[in-house]
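Next, two complexes with subunit A in common: one pairs it with subunit B, the other with subunit C.
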Partner chain A sequence: MLIWLVLLFPLVGAVWNGLLLPRHKLLSHSIAVAGVGLSFLAALPLFVSLLGEGAAGSVHLAFSWIQAGDLDIGMEFVVDRLSGVMLLIVTGIGSLIHIYAGGYMNEEKTTARFFSYLNLFIFMMLLLVLGNNMLVMFIGWEGVGLCSYLLIGYWYTHKPNAVAGMKAFVVNRIGDFGFLIGIFLTYKMFGTLSFSQLHEVLAGQESLSPALTSGLTAIGICLFIGACGKSAQLPLYVWLPDAMAGPTPVSALIHAATMVTAGIYMMTRLHFIYYLAPSALMLVAFVGGATALFAATIALVQNDIKKVLAYSTVSQLGYMVLACGVGAFDAGVFHLLTHACFKALLFLGAGSVIVALHHKQDMQEMGGLKKYLPITHAVFLVAVLAIIGFPGLSGFFSKDEILWRAFSFPGVGWVLWLMGLFAAMCTAFYMVRLLCLTFYGKNRSDEHTRHHLHETSSVMWAPLVVLAFLSIFIGYLGIPPFLAEAFHGSNLFSPFLSSVIQVPPAGEVYWSFLHEHHSEALEWSLMGASTLLALGSASFAFILYRNGPTPFLQERKEAFASVYRTLYNKYWVDELYDRIIVRPLKEMSEFLWRVVDLGIINGGLNVLGQSLMFLSGVTSFQMTGSLHRYAVVFILGLMGLVVLVIV
Partner chain B sequence: MFAWINSSIVSIIIFLPLIVAVLALFSPSVRLSKWIALGGSLVTFIASLHIWFHFDAKSSALQFVEVYDWLPSMGIKYLVGVDGLNLLLVMLTSFLTPCVLVSLWESKVTYIKPFLSLLLVLETGMIGALVAFDLVFFYVFWEVMLIPMYFIIGIWGGSNKIYATTKFVLYTVFGSLLMLVAAIVLYLVHYEEHGFYSTSLLDLYKITQMGLSTQSYLFLAFSLAFAIKVPLWPFHTWLPHAHTEAPTSGSVILAGILLKMGTYGFLRFALPLFPDALVRYSPLLMTLGIVGIVYGALMAWMQKDAKRLVAYSSVSHLGFVVIGSVVILNGKLSEEALTGALYQMINHGISTGALFFLVGMIYERRHTRILSEFGGISAVMPWFAVCLMVATLGSVGLPGTGGFVGEFLILLGVFKFSPLAGILASTGVVLGAIYMLNLCLSILFGPLDKEENKKLTDMTFLEKTYMVPLSVLVILMGVFPNFFLDKTRASLHHLAEHVSEYRLMVSHHDSEPVHEVAGASDTKNK
Partner chain C sequence: MPIEYYFSLALVMFLCGVCGVLFRRNILFVLMSIELMLNAVNLVFVSGSTFLKNLDGQIMVFFVITVAACEAAVGLAMVIALFRRYGTIKSEFFRILRG
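Now for the complex of A and B:
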């Protein structure tokens, strides 16, 4: 019963705010917070019921959705440990961000539309997470994309915002195209789209025929294209940085904590396909690693505080995808969880800074804000330490887990590990740079802005404090086993998920290394090395930037001008896409329209018509005005045609 | 009385609009004429609801059958009825017509009385063509649809109306003449095989001895007529002209219902009558359909006139319907794709009908449809913005709207038939998002910087009375598709089976004459 309530509350909130459009801001805010908050409260007991030893998942059918021919797709939902974890992330972090959003949007005249979209987003995200077949997941999948589109372009009178929203939708649609093809392939091969049935079929196979393996590989790659769109991986990541045009709570909720992790969730949900398609997973691993590194380098030189965080998100999503790629789905979901906490905190913290500075986002006009925004600074510091992997904070555990699992992947594992390691060093650098440019050194804003600087209201900072606590402590759920032994604790997270995520029998030979035992010394030394390198990189950034932009930095910038320009312009990827895809397509369409459509097809028809008219002029001496004659000619003609056709 | 209504309900919904059209034309005042027209169309809608609720969804047999001999010596009968193939389209027609009439309530159109009458005559033609099961009557209704549309565009159209309407009519007539020839041949073929003359489709379905070459000629002749009507690429060029010049109500009817007559024709005639030819030419139709999907989308993207954009989008969307209709798997029509095609006709009718209404609203207010003349009007017309957004989402097939269900089923079937075809057709889903969101972007979003746009007024109460139901339908059809699909399942299954069995009967009892079947379905309805 609870599952229906979980779904119902946000929907009611969205419809209430969306249809009745209450003018009172407090009312629309309360409706929205209640919508997601009550959903969280309903999700809690649902989750607790999954905690017991060996608690199995359950499937709930609402109604039969599409029935045609042999196809019968139910509106069915699954509650198991995997969707349970996601349920808590979506509604829990969602609640905090909803609360915060009330403060952030306080300058708006009305907020009903905003909160309606936000609640609708939660509803769609829940459909995505709870759906027990690919098509229900796909409703959520595109539904969250719709909400993202609407919210990115929320301030639509500024055209670039609306354009960014459209870009997000279209790029995601390209990914969804891959997802759809994956769905078709799945249905063609297995005749079902239900996760439980697919799992049953695949887990029942002792060994795989080559045809089945290649089919699964194709499905895996197609679905991964979908994940690349939604989770902003190379080459489809370009929409996410632009998506920062939306209000900051939206960036925190949709473009950091929840929606963009949908790709990771989907792959984890379908782990039984991916485990049986190792070559598809290899692609996943390298795309993830490359994205993590690529985006991290761009983040090094960006000046817009939200842009840095956006590229950081792309990079961190790359980590999660990398984890999936090496078969460490549990590690991917664990990083998803910790990242949701600290990245939401980073975005909301940045949001507080932006509000305090009257919607300025350029870090060159910030600096020294520690004095004015002490609480924001404190929580922001926690989040920065968490993301750079400072020992003992959440990011440390989850990132280390991924790096270790990448390293222990046989063959190319060390390459992936190196990618992750470099990305981690970049992360430490750009996050400390961001921290310094924002909070330390001298304040660089204009007199007027500085005069009005003050800490934000409690409705905004209270959720931040909660998130800060989570950012510190949530990592202890997933302490690596060797550390757990040393400190007499235990890893709670991976065993919890292991009832859902299992290698199917047919893949056990390939994935046998997952159970291999490694020497603890190796784990210790790798962890030490990565931690030291990250902290070294962080200290380096701190020394460079603690006083804000200095002449020394300016000189460095000029010395490495070409590198700097390449990174600052994001490797000109947008320009490249425009040149090789958008413009040729446009030119081709223009050609098709002007030459083929108007010229050949329509023109040809007109010529035909005119020549017929000319002919009729020639033959018009036949026109006697006698109806009889016309009728006779008409019938003769018809008979002629009939004879022609029969003979 | 009730028994009489029940037994002649189909004739009522055919001819009531015609009677009302005459009354509206000769009514003493314009106001009364509007009331008569609207009232008549609403009664027609209610009558069609009667059919909807009493329709036996489990049966693939023709229901509410009415049959009267007309020219017994030639085997021509008045034979009408409803089955799963035409029921939804009949509902769409009887629903959209009152919407159009309401939209004309406050319009300042000249000669309003004949305009309303023509729309009602058009309704008679459309419903008649949908429910007719006799070739002669079908042909008559098919041509009857043409005449009112000819006048609607030619009299009430835009600046280039004569060119547009002439092109529309000549093109369509050319197609239907070929169809007439093919129909006569079919009639003779039936006589040769069965020894009696009949124009009843139910008899013609029983032809089993037609050679492949004859089938092919006839199939191509019928298909050409339908392809022009759809319009299938490359026979589409009349459509953008007709839409650009037609008044809003004409465009709504044209895109909403008239185009579906072509795709309905495929399902009713071309597929079951010539199954061997269908198997032979299905790749050709599939190719043209896919070209149409991509080509129409690219054309739509290039348009600067909102109405032309929606017109080209129809070319793209109806390409989906055509490919869904001709998917042959193991010698059998794919039921998934067939269901999708039928459903997509309705979805397209609702969402594109809505889009033409919406474009008409801003045209009426601003007297232009050029996209660059707008921008940011979401701020002054919030209701309009919501409706446009919903219609757009339905048009791009977002899950949760009817468009998704239709496109998904079609593409699923096509993909099973040929993965390459499925992939190529699916690109239309991406391109659809580009041009439709571009439309929204240009009209709704961005700064409200033009003086004329700042003074725009939002949708009136009357405009809401039909736009809100249309928008709600877009979503309902996506969330509860089974409510609609249930009615079609048996008939589509029957049609799909038929292509492999090569015989489609009025019911499963082969030997029973039509009259008894009519009686049987009657008793079911009581």
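Now for the complex of A and C:
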């Protein structure tokens, strides 16, 4: 019963705000917060019921949606431990961000449209998370894409925002195309799209035929293309940095905490397919590792505070995809959970800074904000420490888990581990750089802005404090087993998900290393190494940037000008896509328009019409319009006929 | 009376009608000439029917009269409309269908 309420509240909120468009800002804000907050309250008991030992998931059928021949697709929702975790992330973090958004959007005239989109997003995300078959998930998948588009372009009168929205939509369509092909392939091979039925079929098989394996690999790769689009992986990540054009709460909710993790959730939901398609998973692992490293290097030199966070998000999503790629789906979801907390906090903190500075986002005009925004600074510091993997905070546990699982992957594992390690060092560097440039050193903003600097209202900082506590403590759900033993605790998270995420029997030989036992000394030393490197890189950044941009840094910038320019211009990927995809497409359209349409089709029809006009001109002089003439011709003709018949 | 008398009368009437259609300039007279032609045909039908002892021809006449009535009604209506609009019913005036 509760599951319907979970879905209903955000939908009601979206419809209310969207159709009645209440003028009053407080009203629209309250409706939206109630929509997602009540949904969270309804989700809590659902989640608690899953906590018991061996609690199984349940499937709820709303109605039978499509019935045609063998195809029978129900509007089915699954509540198990995996969707339960996602449910809490979406509604819980969603509630906090909704509360914060009321403060952030306070300068707007009306906010009904904004909150309607935001609630609709929550509803669509819940469809995505709860759907028990690929098609219901696909509705949610497209729905969140739509809301993302609407919210990126929320201030659509400013052209770059509208363009960024369209870019996000179009790039996502490329990924969705892969997702759709994956759905078709699945239906063709198995005759069903239901997750539970697919799981039954695949888990029931002792060994796989080569045909089935290659089919599963194809499905896995197609679905991963979809995940690449939504979760901003190479080569489809380009939309996410541009998506920062939207209001900051949107960046926090959609483009950091929830929607962009849909790809990771989808792969985890279909882990039984991926476990049986190791070669597809290998691709996933390398794309994830490469994305983590690639995006992290770009983030090193960006100056827009939200751009840094955007590339950081791409990089962290790369970690999660990497985790999925090495079969550590539970570690991926764990990082998803911790990342949702600290990245939402980082974005909201950045949002507070942006509001305080009257919508300035360039870090070169910040600095020294610690004095003016003490609460924001405190929670931001927590988030930075969490993301760089400071021991004891949430990011430390989840990132270390992923690095360790990558390392223990046989064969190429150490390559993936190195990628992750470098990305972690870059992460530490750019996050501390961001922290220093924003909060420390001298204030570099102009006099007028500085004069108006003050801490944000409580509706904005209160959610930040909650998120800060989550960022500190949520990591203790997933302490690595060897640490847990040392501190007499236990890892709660992986065993919790293990009832959902299991290697199917046919893949047990290949994935046997997942249960292998490693020496604790190795784990300790790897953890120590990665922590030391990250902290070293962080202190290096702190020393360099603690006083803001200095002449020394300027010299370094000029010394490494080519590297700096490459990174600053994001490896020219956007320009490359523009050159090889957008421009040829535009030129072809131009050709089709000017030459084919206007020239051949339009011109051809004109020639045809004109020649007919000419021909009719030749004969139409006969038509004098004179009644008597017609009558004479008629009678003569008649007489001719009579003569013909008689003679 | 021999059948030829009737047919000859019908032929004369028909030719009168044709000449009327061809040479009268007034649309009203053109319409009347058409009626004349129809009635010539009716005469042929009736006399033929009597001569052949077959009622089919007489039934056909009823159809012709019905059609003629309709035609006359529509035709007169158009003549009135034309007169109202242009103030004349001279047929050479109406040449707007010239190609």
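List of remarks:
Going forward, the second predicted complex is superposed on the first by the 593 of 647 C-alpha atoms of A that agree within 3 Å, B and C clash if a C-alpha of one lies under 4 Å from a C-alpha of the other, contacts with A are read in each partner's own complex, and residues count from 1 in each chain.
Just so we're on the same page, contacts are C-beta pairs under 8 Å (C-beta built on N, C-alpha and C of every residue); 3 or more make two chains touch, one makes a residue touch a chain.
Worth saying up front: this structure is predicted, and the values here are computed from it rather than measured.
By the touch criterion defined above, A:Y156 reaches subunit B but does not reach subunit C. By the touch criterion defined above, A:D70 lies against subunit B but remains apart from subunit C after alignment on the C-alpha atoms of chain A.
The partner that reaches more residues of subunit A, of the two candidates subunit B and subunit C, is B.
Common to the subunit B and subunit C contact sets on subunit A is no residue at all. By the touch rule above, subunit C contacts subunit A in their complex via residues 18, 21-23, 25, 27, 30, 91-92, 94-99.
Chain contact summary for the complex, subunit B toward subunit A: residues 167, 170-171, 180-182, 184-185, 188, 214, 217-218, 221, 234, 236-237, 295, 298-299, 301-302, 334-336, 338-340, 375-376, 378-379, 393, 398-400, 405, 408-409, 411-413, 415-416, 419, 422-423, 426-427, 429-430, 433-434, 437-438, 441, 444-448, 480-482, 485-486, 489, 492-493, 496.
The residues of subunit A lying in touch with subunit C in their complex are 616, 619-628, 631-632, 635.
Those residues of subunit A that touch subunit B in the shared complex are 63-71, 135, 138-139, 141-143, 146, 149, 153, 156-159, 162-163, 166, 169-170, 173-174, 176-177, 180-181, 183-185, 187-188, 585-586, 588-590, 592-593, 597, 601-602, 605, 609, 638, 641-642, 645-646.
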